[in-house]
Amino acid sequence: MSLSIRNQLPGTVLSIARGEAMATVRARLSGGGQITAAVTLEAVRELGLAEGSEIRALVKSTEVALATGQVSGLSIRNQLPGTVSSVTTGEAMATVKVSLESGDLTAAVTKDAVDELGLTSGTRVTALIKSTEIALATA
Amino acid sequence: MSLSIRNQLPGTVLSIARGEAMATVRARLSGGGQITAAVTLEAVRELGLAEGSEIRALVKSTEVALATGQVSGLSIRNQLPGTVSSVTTGEAMATVKVSLESGDLTAAVTKDAVDELGLTSGTRVTALIKSTEIALATA
Amino acid sequence: MSLSIRNQLPGTVLSIARGEAMATVRARLSGGGQITAAVTLEAVRELGLAEGSEIRALVKSTEVALATGQVSGLSIRNQLPGTVSSVTTGEAMATVKVSLESGDLTAAVTKDAVDELGLTSGTRVTALIKSTEIALATA
């Protein structure tokens, strides 16, 4: 299958916390770093996810936020450091490509955010992704 | 009320799995197919949702991803097959209209995704929506 | 740190409902009104959130939907009334700035939504934000 989801980071499941309705899945990314995904318990069951499962973490570009400077005190579990490689700006929205240790990431943010943060090729950023915004695919 | 949320699919609640904080609600869509929504337990209580409740599944366009080809091994619970009816492309973003069995859907994806997947009127796609991205309205 | 996340509303934690994997955090906004955020239990622990904690509710613009007219029967927990202050329209997407009691909010919605709802400076709207789309930062 080909997905419109720009961001697909390969990794391995480290642990799973199961609730009644939801589960959080922690994975080590192949390129370095860890991610946490909050998915339905049903998805964990149907994909047969367990410690050691090979997965890809899928994140829509619209779900990626960017921070410049030191990040602290954020509930957002997934904080991936990288460098802006390019910025494409429209009238209302912009797409920002970020090089991570674990691969490339595209963030769709408002044009205002690009302007105010002064994002341009070479800017050091942290990509922020809420756990609820990460989907998982088995490899 | 009028909503900016483009995607509103009518259906009927089949079952509800209640956790301490969250609940997953499974519904049959009037046009065919099923969806799963992860909402707060409080929302289930306040809307009085139960088996048989008539609902509309609400999904912001920015939350819809698209896949071409066979979809498998995905944690994304909601996979609705359809056909692209039109594509509007901006500099950074694009909106893709998809005809589903259960109605029409708009997806806001990056222009890059449209280009790389070759999305155009007539392309067969599967619309993908994470359960956490579906809100519910009582009919 | 500087965040691409446009929407940062200060508030105080009122209560926390803990599940096994997820938690819902209810907060009173400094400017008036309340919000509910669904975050991972781990985030609640690591941020040391408790009743009385000072927080900022963070919401990406792409996660904000808008409604005109009376809102009812919606699972979306967060409904903040306001007035449109400006609209910037691209080919596919638009950004809408809304003045709330508790501050300013930017919503990234489709151009179609702006046209169909007739959104323009002065339009009374309700900003709608699903609990799963709100992240929290400690102040």
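Each chain gets a letter, A, B and C, in the order it is written, and its residues are counted from 1.
Here is the rule we use: a residue touches a chain if its C-beta (ideal position, glycine included) is under 8 Å from a C-beta of that chain, and two chains touch if they have at least 3 such contacts.
The UniProt protein names, listed by chain, are A, B, C = Molybdenum-binding protein.
Just so you know, these numbers come straight off a predicted model, no measurement behind them.
In this structure chain B (Molybdenum-binding protein) contacts its sequence twin chain C (Molybdenum-binding protein) using mostly different residue numbers, the overlap staying below half. Note: Cα superposition of chain A (Molybdenum-binding protein) onto chain B (Molybdenum-binding protein), rotation of 120 degrees, nearest 5. Chain C (Molybdenum-binding protein) has its Cα centroid 20 Å from the Cα centroid of chain B (Molybdenum-binding protein). Looking at chain C (Molybdenum-binding protein), one finds that residues 19-22, 38, 62, 90-93, 108, 132 touch two or more other chains. Interface residues of chain C (Molybdenum-binding protein), counted against chain A (Molybdenum-binding protein) in their complex, comprise 1-6, 19-22, 37-44, 47, 58, 60-62, 88-95, 106, 108, 132-133, 135-139. In the complex of the two chains, the chain C (Molybdenum-binding protein) residues touching chain B (Molybdenum-binding protein) come out as 17-24, 36, 38, 62-63, 65-77, 90-93, 107-114, 116-117, 119, 126, 128, 130-132.
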